[in-house]
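Below, subunit A partners subunit B and then partners subunit C, in two separate complexes.
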Partner chain A sequence: MLANSYPFLRCFLLAVLICQPGLACAELVVIVNADRNVERISREEVVNIFMGRYRKLADGNAALPLEVKGNAPERRYFYGILLNKSLAEINAYWARLVFSGKTSPPVSVVSGGEVLEGVAGDPAMIGYLDSSLLDGRVKVVYALPEAGLP
Partner chain B sequence: MPISFSIDKLARFALGGVLVVYALSAGAKVGDTLWPEVRIRGFGTLGANYHHDDGVRFRRDISQAGGAESGRISLVQDSMLGLQLNVSPHRQWEISAQAVSRLTSEDNFDPQLTWGYIKYKPLEEAALRFGRLGVESYLQGDSAEIGYANLRIRQPIIFYPRTHDGMDAEWSQPLAGGTLRFKGSAGWTQGESVNSGVIYDTGGSELLGAVAEYAHSGWTARLAYYHLLLHDELNDLKPGARLAQLVAGLPNGAAIHETLTLKNRSIDFPSFALAYDAGPLQAQASYSIYSSPHWSMRHLFYATLGYRVGDFTPYLSYATQRTDRKFIATGIPNGAGLDSLNQAATNAQTAFMVNQSDFGLGLRYDFADNMALKFQADHIRYQDPESIVDASLLSQSAENRSTRSLTVFSVALDFVF
Partner chain C sequence: MSQETLGLRLLKRRLNLWRWRRRSLVFDSTVKIGTAGIGLALVLALISLFVIRDYESRRLMKHVDDLTYSVESTVRVACFVNDATLADEVVKGLMTNRLVAGGSIVADDRILASARRPGYSMDNRNESYSHRHRIMSPFAPDQVIGEIELTADADYIRAQAVDYSIMCAVILLLEVIAVAGAVAWVMLRRVVAPIRALSARTNAIRIGSGGHVVAPADDRDNEIGQLASDFNRMIDSMNASLAAEQSMRKVIAVNENRFRTLVENSPDIIVRYNTDCRLIFANPAYARETGFSVERVLNKRVGELGLWRADTAPEEFCELLLEVMHSGKPGQTLFEWCRPDGRWVSHEMYVVAEYDEARAVSGALAIGRDVTERMAAERQLIYQASYDVLTNLPNRRLFNDRLHEEITKAERGAYGLALLMIDLDRFKEVNDTMGHAIGDRLLIETSRRIRACVRESDTVARLAGDEFVMILPETVSYEQLSRIAQCLVSRMAEAFHFDERVAYISASIGIAVFPGDAAHSEGLMACADRAMYAAKEAGRNNFSFFSHEMLEQTQQRLQLVNDLREALSAGQLEVHYQPIVEIAGGRTVKAEALLRWRHPQMGWVPPDRFIPLAEEAGLIQDIGAWVFDEAAKAIKHWNAAVGDDFRGQISVNMSPRQFTKGKGDGCDMAIARIKAHGVAPKQIAIEITEGLLLDDCPDVTGKLKRLREAGFEISLDDFGTGYSAMAYLKKFHIDYLKIDRSFIRDLETDPGDRAIAEAIVVMGHRLGLKVIAEGVETEVQREILAAVGCEYLQGYLFAKAMAQDAFIDFVSLESEPVV
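Let's turn to the complex of A and B:
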């Protein structure tokens, strides 16, 4: 909660969290297909999409979330920084929605590379990954934390 | 006309739906690379509870006939296992069936079909579902069985009936950074409840409901209104039953019958809830009213608060249900051997009164990403109980009933897979 109120503290926490063994020292970024007519999205939109509340962007088209499955470091850091929530809390949240038939969690893939391929190959997809994996087929629409967006 | 769905009918309905939606998805192009998708998921709880109040039995909710007895560890009240089969042939279509094995009104663990529907989502904003659906009459009311999704071992107040056969329609819209959601439900309820050892079948009762919910950041505000028209009569009031005969012979029998009858009884259930879930803090508060003609209005309130520290989340909760204790006299003066008749008629009138509160303390330990261990103590005070079975209450007149209490200790292992 404190981190949500102080962008500097969020930057620091992200740096500490991201620079862990098994994950390169880079920032997590939210990406969409490069052909998509969207340049930036807000934190609230990221939350709405990845928490299953509303999955459409300002261009009027669907935004179907894609993420690395299980307890991958990217997933842990993404929800830790975005919502200050543990993976257990996120899983509990999804258990409530999934078993009451409300909506589906993000589609799971095994690696950041698959997130990149999924978004590059399907304009409806949106994902997050380590910025070191970026290429020209996708574009960054949000960086965690917001202050880090170029 | 009430319509009842059998499990067989639903299974055939779902199978037919699978074939139809596969056919419809044959022309899928861009963006459909992840469909069709078939998923099997599950959830469960292995729970134990204990209390040492002689003559009292503790039930998880009113769908259970039996309860945990004094001085013995019961493994059956909270334990359950659920399986969900979900087929998404196309991103606009979904077919789902969910069965849960838990202690039923008939004291067995026979699996029950709790969900079985076809969902069509033509737009991001809109969704329609047809089939067997959960009743979402209060905050998170459609996920009371999913222990892992809840902070407590049991939700503070569990409303019945919990499922209906019919449809619901949902509309969501972003608003000022948050999301506004409307939902309407219609159908016929399904399931049984148990009161004083007598099973009441809610099957075929008409249900109409509406929900408006706004979520922004960690806040959720929710307003709901449900209307239920009960179809079946209470077994004890059916022609020839002992209670029916007793009431019919009383001078004020007609008025007492009006308070007891369930046939064609309409019940209104408005509910307001506010929740905050951000970072390590989780808090909820809910206020509801349960009203029906010839009944005293019941007020239901609960609040829960939890704060995560590492993998541990200590929590506390308070829930109360209050009903005005108004009794209709039989019209027969006490004495001349008729006291027991008056007492029976008065006690019968408490069947739909609930005066019970529950103060709970607990600790949730998320020792894995999909498993949680919970420890909980509930101090329950009751005058007219809902989840407690206390046979000694019937030995005195309900008008002079005192407030009693018991403490229930519970442990549960919740998991999803």
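Let's turn to the complex of A and C:
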């Protein structure tokens, strides 16, 4: 709500985020198992999968989201760029859905490495990580825009 | 105080209070404010009932609409992930609100959740009760991902709205009532109570007592205090007005009393009439004069009382009143009325208009003065001016009017009328011998007898002493007139009885007829007069119709008079002297001067014809004086002719006219002229007739006395023909008696005449008079007269009358000594 109401403030905050050490020159990308017959997915598909709308990709196979837990910068960065929402908002969103129990939030792991490992190890998985961690087992299907872009 | 009494008092107070409140401002106002407030509240409540209901309905509807916003984010999430459970939770949550009758959430054409209030029929749902909202994706604001529909519970909302509006109305009602009560209370405390206090204090004030209203202490400076001071100003002004009015009333009362006493004590009638000619005021004089009480005449119209004389119509008076009221000019009239005691009174009424404050005529004021006495005096004067008081016959004035009137009538009617002139013969003698009282009674009786001979319509008038005249209209027949005249003559000749005494007179009547004798009144009178003289000449006691011969005689008479006027200056008159011989010596000692007129055409005119004319024409004074002068001259001649010792005497006739008062008095003339001529008065004798003595002239005695004192001798002529009253001889100082020639003429043959002659002589001698016999023509007569002792003789036996020269010659010859 805050970001919606104050776009300039939001940009400023994002700029601050991006310029943090460790993420300074990094790029967040959405990856899937390299074996998947999917090359690229849209932003919509990223949002629907990560926000629990459905858990399938265009090839008709399941896509279970995976992410670092807590207040990891990647996570904050991911929702900030993708949905322009804070982690608190994302958490509140999931709190409502958890109550009904019908949809669950993405599976949480400790680090970006684990995300890589998870995706590499299970073709049904989909996750996002800093592009610096990429390897051949996974492939990038969606790259998030540079920081500073909406 | 007992219980009952207290209760009763409380009850009374309550009743009083109630009664007071019924008329109280606060009660009235409270009732009105309350009624108006309740009415207004009811109206407002009624209006608010609907307004609030509608407003509330709309508000609740909006509230329902707003509910969707409160759940929108959750519904977005539910729709995004198609979470029916979450949607159902949301719908259930919404259904907990009583306003919501049903709801459903649809995502991607699939109903995620739906609920409906049991018993609520969705059939009657209306679009206005359903709220549909599109649900956007939580992550893409422009992407529709579902829809939520909420249906409001219309019945409930309506019921809620109604409840709410009713509650509002009730509150409003209570508020208004409370405000009305508060206003009433404030009014009672702050307005009515001070007004009541003020009212009570004002009520206690008596105008004129000097008291003032004191405002309640708290209200000194506000409107109540102002009202109190206004009252005080009003009281002051009323006190001042009252004092002024009282003093004015006193002044008015004094004035009123003055005027009232003026009006009430006025001897004049004062009456006020309204514009309808009704009497609205009458003073006591009116009641006194008319005999009617004022109450009885009030509001009566003029003439309603019937006290009017027939010839003074009440309508006329009414018209006068109206005329005065109409024109504003004063009017005057005379009216006569009959008092209840039967006496007729005359009032001169002066009428003026009266005006009210607006200068409009309010009536008329009539002021009446009793002029009964004046009117009576005026009537008396008018009567006396027209009637002879003694006989009550019309006098000359009225007679002239009547004659003109009758002539005019006769001319118009072409009929005739007759005029009868009646002269009483010998009335003078009766008057002189029997006294005036008898004379008056005789005249009264005469008038009665005259009236008895004629019709009522004929006019009988008394012109002078014994002269009556009558007008007989429509009478021209000579027979008729003769009958009337004869009747008059006969009746007059009858004896008049007065007590024990009897008088006889007769009448001479002259008759003239219109239009035969004369065409106008003066001519007719002259004709009648002439005829009357003719009757007299014809021996009296008869009547005579006027004839044209009379007219001629009259004309001759007039001619003779005219000639006579010239005669003296023309020298036609002469004085002749007839000698009177003294029996003793046979010598002429006296002569009588006799007037002669030698008329140029007619020759000698006898003295008995022209002397009366001279008397009538007023020439006798001049002629008499001339004769006197002639006689005086003759005396001088006589004296010269006969010598020193003899003094003859000439007697001069003096007419009674010369003894009348005024110019040409014979007495003064004789006394003056005898001196002028230087002749001794004893040589002139004044000869008078009995008629002079009979004239009731008081001067005659004095004049005769003066003449005698002057030295003249007086001779009484024609003695024996008239009354020859012995009393005269004694009363008047006479020197000579002349026996009338009628006694001498038959002296020789008639012993009666001789006796009379003798008696006269004897009587004369007894009274110290000398006697002269006239008309002695024979020697026998001379002898008889000498025998009875008569002193002087006159007659043809001695000489006729001669002119002066002849007479002087005659006496000269006689006086010469007989050789």
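The rule is short, and it goes like this: the second predicted complex is superposed on the first by the 123 of 150 C-alpha atoms of A that agree within 3 Å, B and C clash if a C-alpha of one lies under 4 Å from a C-alpha of the other, contacts with A are read in each partner's own complex, and residues count from 1 in each chain.
To be clear about the criterion, contacts are C-beta pairs under 8 Å (C-beta built on N, C-alpha and C of every residue); 3 or more make two chains touch, one makes a residue touch a chain.
For clarity, every value in this text was computed on a predicted model and none was experimentally measured.
Asker: State whether A:Arg53 touches subunit B only (first), subunit C only (second), both chains, or neither.
Answerer: In the superposed model, A:Arg53 contacts both subunit B and subunit C.
Asker: Examine A:Leu83 and indicate which partner it touches, taking first as subunit B and second as subunit C; both and neither are also allowed.
Answerer: Both subunit B and subunit C are touched by A:Leu83.
Asker: Which touches a greater number of subunit A residues, subunit B or subunit C?
Answerer: Of subunit B and subunit C, B contacts more residues of subunit A.
Asker: On the A-aligned overlay, A:Gly121 touches which partner chain: subunit B = first, subunit C = second, or both, or neither?
Answerer: Touch partner of A:Gly121: subunit B, not subunit C.
Asker: In the overlay, answer first, second, both or neither for which of subunit B and subunit C A:Ala62 touches.
Answerer: first
Asker: For A:Asn37, select first, second, both or neither according to whether it touches subunit B, subunit C, the two together, or no partner.
Answerer: neither
Asker: Going by the contact rule set out at the top, does A:Ser100 touch subunit B (first), subunit C (second), both, or neither?
Answerer: It touches subunit B and subunit C both.
Asker: I'd like to check the shared interface: which positions of subunit A are touched by both subunit B and subunit C across the two complexes?
Answerer: After superposing on chain A, subunit A residues 47, 53, 83, 93, 96, 99-101 contact both subunit B and subunit C.
Asker: So in the complex, the part of subunit B that touches subunit A is made up of which residues?
Answerer: Counting only subunit B, the residues touching subunit A are 30-31, 33-34, 41, 43, 82, 84, 88, 91, 94, 96, 98, 115, 117, 119, 124-125, 129, 133-134, 136, 140, 142-143, 145-146, 148-150, 172-174, 177-179, 215-217, 278-281, 308, 311, 366, 368-370, 372, 416.
Asker: Subunit A touches which residues of subunit C in the complex?
Answerer: 74, 77, 80-86, 89, 138-139
Asker: If you look only at subunit A, which of its residues touch subunit C in the complex?
Answerer: Listed in rising order, the residues of subunit A that touch subunit C are 47, 51-53, 83, 93, 96-97, 99-103.
Asker: Considering the complex alone, what residue numbers of subunit A touch subunit B?
Answerer: Touching subunit B from subunit A are residues 1, 4, 42, 44, 47-48, 53-56, 62, 64, 70-71, 83-89, 91-93, 95-96, 98-101, 104, 107, 118, 121-125.
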